[in-house]
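The same subunit A turns up in both complexes below, where it pairs with subunit B and then with subunit C.
This part shows the complex of A and B:
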């Protein structure tokens, strides 16, 4: 009976792992970047299945909520906001030599980490005692909220700083865009950007008007 | 139970695919997706090692929660930076701006 269970678990793992690897490959190599983002989301769901096999249900829930729900949606929003993001002809390095260098680099990463991971004695012989899922969740909650509450505050601070930083960077760029056109440019502005500068704010026009007035005087 | 080495091999494959994508792709969004794939591989390795280790602690799961939160913040920030990049160079391709900088400024 127990052997059948072990066999079943192994088959589960192999199926999920195969799906994850195929989806990761599609996320990297699919021509359309929107499809790539979707494949990445499905791959994150497969990884959540592996977390459930590893007795970490809370992490699996987080994985689905944040990776599949949040990050994939964010990437798709980014693709929609950036008009020329889908240019598929520009994706891979032009020369095949650079591609080979990339392959060699990534294979060396795999080999080095494989040496570390598989040759190091991780005490695989010790059979871990089986932890029921509910107990695992309760233990994690106790660990997080009891003795290590600072940890959650660090995560909250990090997310908050990320949010504020994103907004701050976007605003900074807007101000930066206004400045060089009023002060630094003595060259005539090309016609294409005329309507943009007219809509982007009054300071450009005001500065020009002041200069013209001075010249008249 | 599934042997630990299987999980490690899966994590390694994911990390390797992410590394290949980060090195060989030029589209910034594709590079971001590669980074996320690498983070997923690292998460699998962390949780598997915690479960199969000599004594079980929740440190690895908490660490994975931190990694997921960092990945979310990183994606938001990367998207903002990508938008700025696109505003400046009118593309998200890494190879082009070198030749275009003179035109823009």
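This part shows the complex of A and C:
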């Protein structure tokens, strides 16, 4: 019975991991960025399956509520609202050599982390008396709200800063539209003779906006 | 007592949903008339008008702040749900912690909702910008 259960668990993990990897690949490589955003949402749901497999139902619910619901909506809104984002794909490595280097780097990161997990089995270092905590929401609430609520206050402050920062960026954009700065912002490089005006600097600003707002999560 | 076992009905249901989608697509493919597809047929329907440009246009992106607000309230709701279903909801100390947690986030939300009308471009401002740009353009044109 025990062996069958372990085998069943392994099969479940391989299935979920395969689905997540395929969806992550589609989210990265799909040509239409709107489709890529939707694949990201499905991938986040698949990751919730891994949390269920780890017997952490609260984290799985959080994953679906925040990643599938919130972050995906944020990305889709970003794609729909930001000019020219729909025509662009994610970053394309033009030379095949760069592509190969990136592939080798990512594969080596995966292999090294798998080797470390095999050599230093962290799951054996967790004392078994902590395991009931993962399944019981009561215990989790006791731990989080009862004794470690300062973490939640830090999260609240982080969300506060994120909201204020995102509204400040929008305010800055308005200022820039009302009073465009037309000074010469170009760095003193002799090759680049063309001075960068305020309008040609727009795409850089927009890219930074998206990054800032994604960090709010 | 494995949690994953409880989710097997959900997996079955997801399989049923996928099968239903495939069956519906296949059925509509079988039932629909297969006529010649041309650019006139596959173009976007805009109430009989000739479609102008792509259907996906970009809106002013200051609206993305509403999604950020949704995300923040989502996170707050998740943690407050954890508190609400536990036995801690009767403990005075924890209630005060929840009040501080909610007050910090709601202060941010209120600040954003207060400052947002001032942060977005209003109609008269857009019109004034347009008038100024037009004046500049016509001035340049008459000079040239």
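Note that the second predicted complex is superposed on the first by the 148 of 217 C-alpha atoms of A that agree within 3 Å, B and C clash if a C-alpha of one lies under 4 Å from a C-alpha of the other, contacts with A are read in each partner's own complex, and residues count from 1 in each chain.
Just so we're on the same page, a residue touches a chain if its C-beta (ideal position, glycine included) is under 8 Å from a C-beta of that chain, and two chains touch if they have at least 3 such contacts.
In this text the structure is predicted, and so the values were computed from the model without any measurement.
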Overlay done on subunit A, so just call it for subunit B and subunit C: clash or fit. fit
For A:138, using the defined touch cut-off, is the partner it touches subunit B, subunit C, both, or neither? Pick first, second, both or neither. second
Is A:157 contacted by the first partner subunit B, the second partner subunit C, both or neither? second
Considering only touches as defined above, state whether A:80 meets subunit B (first), subunit C (second), both or neither. second
Just subunit B (first), just subunit C (second), both, or neither: which does A:170 touch? both
Any idea whether subunit B or subunit C touches more of subunit A? B
Which of subunit B and subunit C A:55 touches, first, second, both or neither: both
Of the partners subunit B and subunit C, which touch A:70 in the superposed model: first, second, both, neither? both
Smallest separation of CA atoms, subunit C relative to subunit B, angstrom: 6
Share the list of subunit A residues that count as touching for subunit B in one structure and for subunit C in the other. 9, 53, 55, 58, 62, 66, 70-71, 74, 77-78, 81-85, 140, 144, 155, 159, 162-163, 166, 170, 173, 177
What part of subunit B is in contact with subunit A in the complex they form? 1-17, 19-21, 23-27, 29-30, 32-34, 36-37, 40, 43-45, 47-49, 51-54, 56, 58, 61-62, 64-66, 68-77, 79-84, 86-87, 90-93, 95-96
Using the touch definition from the top, list the residues of subunit A that touch subunit B in their complex. 6, 9-10, 13, 17, 20-21, 24-25, 27-28, 33, 36-37, 40, 43-44, 47, 50-51, 53-56, 58-59, 62-63, 66-67, 70-71, 74-75, 77-79, 81-85, 87, 90-94, 98-99, 101-103, 105-107, 109-110, 113-114, 117-118, 122-124, 126-129, 131, 139-140, 143-144, 148, 151, 154-155, 158-159, 161-163, 165-166, 169-170, 173, 177
In their complex, what parts of subunit A are in touch with subunit C? 5, 9, 12, 34, 52-53, 55, 57-58, 61-62, 65-66, 69-71, 73-74, 77-78, 80-86, 135, 137-138, 140-142, 144-146, 149, 152-153, 155-157, 159-160, 162-164, 166-167, 170-171, 173-174, 177-178, 206, 209, 213, 216-217
Going by the contact rule at the top, pick out the subunit C residues touching subunit A in the complex. 1-4, 7, 56, 58-72, 74-79, 82-83, 85-88, 91, 94, 97-98, 100-101, 104-105, 107-109, 111-112, 115-116, 118-121, 125, 129
